[in-house]
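Here come two complexes built around chain A, the first alongside chain B, the second alongside chain C.
Let's turn to the complex of A and B:
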């Protein structure tokens, strides 16, 4: 608690973020969901962030919280009970806006048996739900939103941060596994109700271990469909990852090279499913 | 923290000192580097001095990220310049790139690791209607402004309302002067254009001559009142002066040109501040006393006001006087920009327009 007031340095994969907050929601969220992550008292930090109540008359009437990046507020304030979700979005913003050292794909990624699978997600395709289910089925979580490709060795760099779940998928994951640890739900955000799944200890403890990309899977949840993999053209996969990357154009020819070697290294599939238990089985077999 | 104690400034002055830096100092460097816009330049300097491997890996990642952005902008600006050159090929007038775009396109000293957001160009005032028309035909659209703002730009300012390319989204500021029409001091944009240098590879694109690059950069810094970027702009001046200053004839040219363009004031502030903050090698300032039209004490006060303004970039640099300095510099920039009989109605108009917007926002959020 006192540490969070004066500055808690949280290590998530390659990034260290100094977080200052006096809001109980942030404290509770960090306590529950980040309990396995390394924390530090001093040293170099990549990002300096604060999540605090907005002062003034709003303190008493519909209190709000604001996210600050080193003294500057990049977003508008949100209702006070969204504080932890705001911190998560803020941390994503920090990485997406600054980590151009990496190629950053808008995709989830997980690892099993030394092979990494990338799940690019169209909104509503169920990427996060599948990521959460795989995490709870023995896959090592690398990242839920931001897949980082190292420009030197072209491996995937883990973040292992909590998986963000929305609306119905929150209860789907609760009933999928009794081991699911979920943070407090934030209702009525711009994404609806949002709650975060705690990453498994193994994912967090191995967050300094990069993973070799082997598969790109485009998931699509479809009612009553049997879990089924079909080949996806590599050319299309290339265009998709390029178009959905945060900084493909910014990296210029390096972006092209990194994306091309990623696609070269990966088998690409479309994946239709309705039952998470079937889906995790099919994908586990694929990782053998 | 005093500016001259900032690890960022110290490292920019003398790159070798980074060997002694602690984690806490690196932490401050990256934060101050992002806030001031100087992180990329420091990264470029580290590469140039072969110090990359001496930097902690997590710190280098941030510098490399900024160098990546700067490189992307360099590619983008070359593409924009080729598009501009083509769009304006029928216009019988020179098109001059200013500041960031000129540095990047001609790979001038400040370019390495520098990022920028707009492309600024200068054309003769007489060619303005023709240039504007050809730019619009090629897809540059001016921001939609109310009649008051249109008049503000077109009658009083030195540039037209900012333009954005309809497909590429790039921003272009079209200037016909480097100071507002209403400004207290008048300069001679025609002389700047007539001493222009060709940008290699383009028949109709130019950059200012070295002395004019310095004078425009100084004029921009001390007249526009963008003090959050003040340190970056002063560092640009430091880069230019170090690069050109080795040529012994440069300084005499610069002084003569400053008088010719009536820009001795901003130049004298630039030389004093650059020397004080970046230890820019400026030949004995006393020799240039002819530049100064004001008394020593007044000049010193102004220079410390500018330094205080530059501390607004990052919380670690701010001191109790920063807020007051920001306010005074804001007032100063308006005072320089237009005479009182125009300024007071203009500020009133802006204040009322702001109130109206706030009221309508409150109204909307209540609904």
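Let's turn to the complex of A and C:
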């Protein structure tokens, strides 16, 4: 706790973030979900953040926490028990808003047998649930939310962090695998109930191993559907990944070239499924 | 208007990039920063215009499209600032 009070430097993929917090929720979340990550006491940091209780009389009857970036608060305060989720959202915000030396896709990505699969997915399509299930089925997590494409070698840069799960997905993943380590649930957030899945140690320890993109899969959970892959137009996959990227427009022609390389390298599929066990089997076979 | 005597060209400083997948083309228009999804035939029409200005009948013959379809595509691309009638 002492270290977090004065500022600990957390290494997540290519980024180092100095985190200062006095909130027990943040400490508990870091202790449980980031226990495999490298931590430093000093050195260069990409981001300086704080998650702290909001002062004032309100703290006695409805305590709140605020996220600070370089001493400024980019978001409105949230209830105190959302502190860890707020840190996670804040870290995503730091990267999405600043790491423009990568093409940043709004997609999950995982690797197996040297091949990486990118899961763009619309909100509600089950992307995070499938990502969590694949992580617990031998895939290496590259990212749950922000897929980073290196502008030099056009490989995917690992950014394994806890996987954000919402509402019914939390119990679905608990039931899916007894190995699932889940953080405390934050209730009544703007996304409903949120809890985070700890990434596997392998995903964290191999954070410096980039991955070669091979597949783009658009998942869609559908009740009672058999797991089924169908071809997806590459031009449509291009437009989808570009439109949902955090900085495609900002990168201009480089964004176009990087995304085109990605589409060249990948087979593209729609993937409908209802059972996670079937879905992980089908996708595992595809990674052979 | 007699379409055979009007020639079309790529707009100045359009900075186009084109990539093809299956029967589709994804076009980057550097002047606006916009990306467009096209049929491969419209992409090929733009490639023709990148080489040299051409009339609608010339373009229609080169890419095997009806002249009306070529004209519709050119007008739409002109609205986007990608093509223009040659001055």
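Convention: the second predicted complex is superposed on the first by the 288 of 288 C-alpha atoms of A that agree within 3 Å, B and C clash if a C-alpha of one lies under 4 Å from a C-alpha of the other, contacts with A are read in each partner's own complex, and residues count from 1 in each chain.
Everything below uses one rule, namely that a contact is a pair of C-beta atoms (placed from the backbone, for glycine too) under 8 Å apart; a residue touches a chain by one contact, two chains touch by 3 or more.
Since the model is a prediction, treat every value here as computed from it, not as a measurement.
Looking at the shared chain after the overlay, A:101 reaches chain B, while chain C stays out of its contact range. Touching more residues of chain A than its counterpart among chain B and chain C is B.
In the superposition on chain A, A:249 makes contact with both chain B and chain C.
Of the two partner chains, chain B is the only one touched by A:42; chain C is not. In the superposition on chain A, A:71 contacts chain B only, with no contact to chain C. In the superposition on chain A, contact is made by A:263 with chain C only, not with chain B.
By the touch criterion defined above, A:16 lies against chain B but remains apart from chain C after alignment on the C-alpha atoms of chain A. In the superposition on chain A, A:113 makes contact with neither chain B nor chain C. On chain A, the surface touched by chain B in one complex and the surface touched by chain C in the other have residues 249, 252 in common. Contact residues on chain A toward chain C in their complex (touch as defined above): 233-236, 238-239, 242, 248-249, 252-253, 256-257, 260, 263. Residues 23-24, 26-27, 30-31, 34-35, 56, 58-59, 61-62, 64-66, 68-69, 71-72, 75, 314-315 of chain B touch chain A in their complex. Of all the residues in chain A, the ones that touch chain B in their complex are 14, 16, 42-46, 48, 70-72, 98-101, 249-252, 254.
Chain contact summary for the complex, chain C toward chain A: residues 15, 17, 19, 21-22, 24-26, 28, 30, 33, 35, 37.
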